[in-house]
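Presented sequentially are two complexes of subunit A, the first with subunit B as partner and the second with subunit C.
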Partner chain A sequence: MGRTLPSITTEFEQEQASFARFRRALRRSDQLALDDLFASARNHLAAAAYAANALPMETFLLAMLLEEHKEVMRLRTLVEQVTGKNE
Partner chain B sequence: MNFSSIVPSEQVALGLTEKDPLTLIIAPHAGMPLMVELAARLALNGTVRVLDGGNRFNIYPVAQAVRRITPRLEETLAHISLARAFTCYQMLTLLEETPALPTPTLVLDLMSTFLDENVALPESLRLFKLGIAQLERLSQAAPLVVSVKLPIALVADRMPLLDLLQQASTRVIHLEAPRTRPAETLPLFG
Partner chain C sequence: MNECRGWLLDLYADEKDGVVLWFIGKKGERLRLHQPFAVIFSLAGPPKSLRAAWRWLREQPENPELGRSEGHDLFLAEPVTLLTVKVASAAAQPALFKRCAQVFPDLVYYDADVQLCLRHAVAYGTFPLADCSVAYDDNNLIHELHVLDSPWKVDPESAPLRCMTIEPDCDPQHNTPSTIQVTYNKNKWDFPVNPVKPLLIDIGAVLRHYDPDILITNWGDTWLFPMLLSESERSGIPIPLNRDSRQGILYHHEKSYFSYGQIVYKGQQIHLYGRCHIDRKNSFLFKDGDLEGVLESSRVTALPIQTSARTSPGTGISSMQMVTAMRNQILVPWHKQQVERQKSALDLLHTDQGGLVYQPIIGVHTDVAEIDFISMYPSVMVRCNISPEIPPPTFLGSNEEPGLIPLTLKPLLDKRVAIKLALGKMHSWDPRHKRYKAASAAYKWLLVTCFGYLGYKNARFGRIESHEAVTTWGREALLLAKEAAEDMGFTVLHMYVDGLWVKKEGIDRPEQITPLLDEISKRTGLSIALDGIYRWVTFLSSRMNTKVPVPNRYFGFYQDGSFKMRGIDARRHDMPAFIVDTQMGMFNILGRAETAAQIQALIPQALDLLRGRLNDLHAGRIPLDQLVMGQHLSRELAAYKTPSPAARALMQLQAAGKDKHPGQRVRFLYIRSGEGVFAWDLPQKPDPLTIDVAYYRKLLIRAAGTLLQPFGWNDGRIKEWLSGSLNTEFASYRQEGLTAQGRNMHKLVSPTHFPTA
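And then the complex of A and B:
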């Protein structure tokens, strides 16, 4: 019978491919940053599949935001350790 | 009246708001981008039935099309009822068991299952004729749009199926794949 819905990995790759022209228009350093964002979203494909959102790109964007926030929290902790402040 | 023409997708979508009998769309990939857009627009106004004969109905592009039109995504998607057939026998049963209600119906890639070389041509032809009768029954109650792709050379012997379908249709629309223009070279000087 085959699949009736593309897998989340396929869908992710299609979404990423749909931004190819956007990526191409960016300067090299921004292209690398964009690639990092997509790579961070890729880490959460299992959760995105479980979410079964009709618009998977929304989940991918949230996954990118999640990774960015984790990085912010990590850096915040690092800054607090360096400066010795405890808010 | 049978006629063939090449029209943009917007006109097809607009034409379906009126009572249309049986519209046949012959296009590459069974006209999926157009059918997806049609399903989204029809779902905006009420229930729409989708009978998928080629396992082509991918909900993600449909959701994107709906989202472009309205923020009421879940509610609009709930208006779409979908059934798939994977063999020509299933397709015929699906058509037979679909009640003739005043609900627009889209039949995607109708001929796909009937092109199966494991089913003999006379049998395929017999089933297809029965299927066309069901399409005519459904089209009397509400607009019905059937999409097919052109049979490739490997199954050229099944071309009579398409001829039968075209004869039964009251409106035939041929859509072509967009032609890629050769890259223009920019003049270096003046």
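And then the complex of A and C:
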């Protein structure tokens, strides 16, 4: 079955591959953090496909930001529980 | 004048008799009746070419009756001027049309290649096994024919078919059969293949005596009937495979073709006249739903039983569309003419999408219900009135008159929903249960294919914009369902095209889901049903990255103890029985867990099973046939750059004088020597000592890892544990296991297998 447009997964992989040179020049510890960022964006591929943005990297960046914010919220709750403070 | 009430079994063209119809009378008689049946097809094009065609047709030996009229092409707003060609003999029409198309290739042809059975269905409402009443004279000429039946009846009176099974004692591809087994009701005969003369006489005698309506065979298309027919010709002993002695045998040749990105092989076919031949090994539907499935699909598509057993559901659904079109005075084009409408890049970006497939939340979950839209895409087509001649809908619904596709689909969809609902309330011992199941499966394929055919480039009534509209409104329905679930306090774990997995604390009874189902039905206008509530379900991550979810790899147990698994080795067709059985064995052990918390306690048992099976493998205790892999050939042998294992096995087969074609399965064993594979269908026996034990071990550990990975046991950890270098804390699990599972655990978990911390 031929597809006229690449699937969202293919587009995602192409975008990730286009940063190969950037990744190569990073320190190993930073490379792993970058991989984590891309992996977290994968959680929202379905939503990115539905959005059908002509520049999908924008959507992927937002997806990374979304996952980061979820993590911040989770950690904030945790800190509040530990310190017993509610700012 | 004679009268008969009975079921229509077979229908075909005859040069002398027009159309021959075989009936199974209510009194048990088998009748060969006939009637004259003229066939009409039409030509359209520039007036000059039409006049030339007229002059040419006038001179043809078929002596067709020519006329001028107007007709309705579904894709044209204005009526088309037609040259109509009426051929008195149905048997002569295909040849005349073929010659005409060769002489006038630029004309547009309508109703030209429609099968005779479909034309008859349009004229009289006939379909295979329809309950009919006929009046005929002493020459068996039909004077009146009335169909007293409808294909949409849920419980039609079933015809008393005489079914005979004929099968060789082994796969002729693998070995040379020594006997042919014939079964009729409770009678069974074994006829030796050699000498062949008594075989022909015996099978001939059984056929004459019992006169079966349906012959069910194994490899009848590819080996059995060709062998019997050629032997019969050589020895001069007639074999009455056909019921109609005036007809020959109809052969369809083998072929390989591309479908849905896969190469498919279709073997040679042998069609009989007056009785039906179904080859179990060459039938798509028989595997899925038994004879009942074939008969049901035949009734609704109006295709002959022998054809519907062998064709893909795609042919079935296009036949139904043709019948609907002709009944509504719409011309059936020979070739599709419309192309994709021009659209902007942005439009393409928005429309060229498939179903909505989510990334599930990885891990083990409880309190989960799975809900599915019933036949989502066909329902969307009917509800939104999606048809190539109608502009794509702008909302989840429609105000227009139903188009061709919804007209074709609606009765089928309604019948499937009625059967599905009845099945839900029916016990499995109910005599109707098997037939309902088979019918529901057969209709499912027809309905699913209808969606695909809207976008298929050669479909006569396809249009890519309609195809895209179906997925667009499918996505919309799924998102509406997600919103409804979230509004009602559910967490949506996963969504997959037409199904949702929703979680809410304390969900364990179907009634708790009913309000959600009602709400979704209200918002979307589509029917949705509960597939089941899980005791636990686990969504797996990618093998490469454990943080990345994959949409179609999950497994779990429902509350009634049944299970569902997708994307797991045990579901793959190429896996050997050894891997499948072991993985299923381990899976069933996990299935004993009533709650997710109990799973950990069962892991020692699952690993124990794995170790036992690996020991069997190393000790050579696994029968070789359980290690056979089966892979499909994706191309001709010469086209392989680096031959796959299947291709290497095929080379061995070819050297032994056996051949296979693209799309066919090649069975082989992995061995350590030579080319690394040993073709299973070679005449010589494989040496058990050469089996590549390490490879099978790797496969099995991988399969075990897939299953246990969500519980902290990936391939690496399993390997460490097997090598004894991993100290585990199974002692405590075993204690929990004991309390959970009772005393029998002693037998299952041998302490020697589990080093304690």
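FYI, the second predicted complex is superposed on the first by the 86 of 87 C-alpha atoms of A that agree within 3 Å, B and C clash if a C-alpha of one lies under 4 Å from a C-alpha of the other, contacts with A are read in each partner's own complex, and residues count from 1 in each chain.
The rule is short, and it goes like this: contacts are C-beta pairs under 8 Å (C-beta built on N, C-alpha and C of every residue); 3 or more make two chains touch, one makes a residue touch a chain.
Worth saying up front: this structure is predicted, and the values here are computed from it rather than measured.
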(request) Identify whether subunit B and subunit C fit side by side or clash on subunit A in the overlaid structures. (result) fit
(message) Going by the contact rule set out at the top, does A:54 touch subunit B (first), subunit C (second), both, or neither?
(response) both
(request) Using the superposition on chain A described above, determine whether A:6 touches subunit B (first), subunit C (second), both, or neither. (result) first
(message) Taking CA centres after the superposition, what's the angle at subunit A between the directions to subunit B and subunit C, given in steps of 10 degrees?
(response) 70
(request) On the superposed three-chain arrangement, identify whether subunit B or subunit C touches more subunit A residues. (result) C
(request) Working from the superposed arrangement, determine the closest approach of subunit B to subunit C, counting only CA atoms, in whole Å. (result) 5
(message) Considering only the contact definition stated at the top, list the common interface residues of subunit A for subunit B and subunit C.
(response) 1, 4-5, 54
(message) Give the list of subunit A residues in touch with subunit C in this complex.
(response) 1, 3-5, 35-36, 39-40, 42-46, 49-50, 52, 54
(message) Show me the residue ranges of subunit A that touch subunit B in the complex, using the header's touch definition.
(response) 1-2, 4-6, 11, 54-56
(message) Going by the contact rule set out above, which residues of subunit B touch subunit A in the complex?
(response) 55, 57-60, 63-64, 67, 73-74, 77, 84, 86
(message) Considering only the defined contacts, which subunit C positions touch subunit A in the complex?
(response) 260-261, 345-346, 348-350, 352-353, 356-359, 475, 479, 495, 545, 547-549
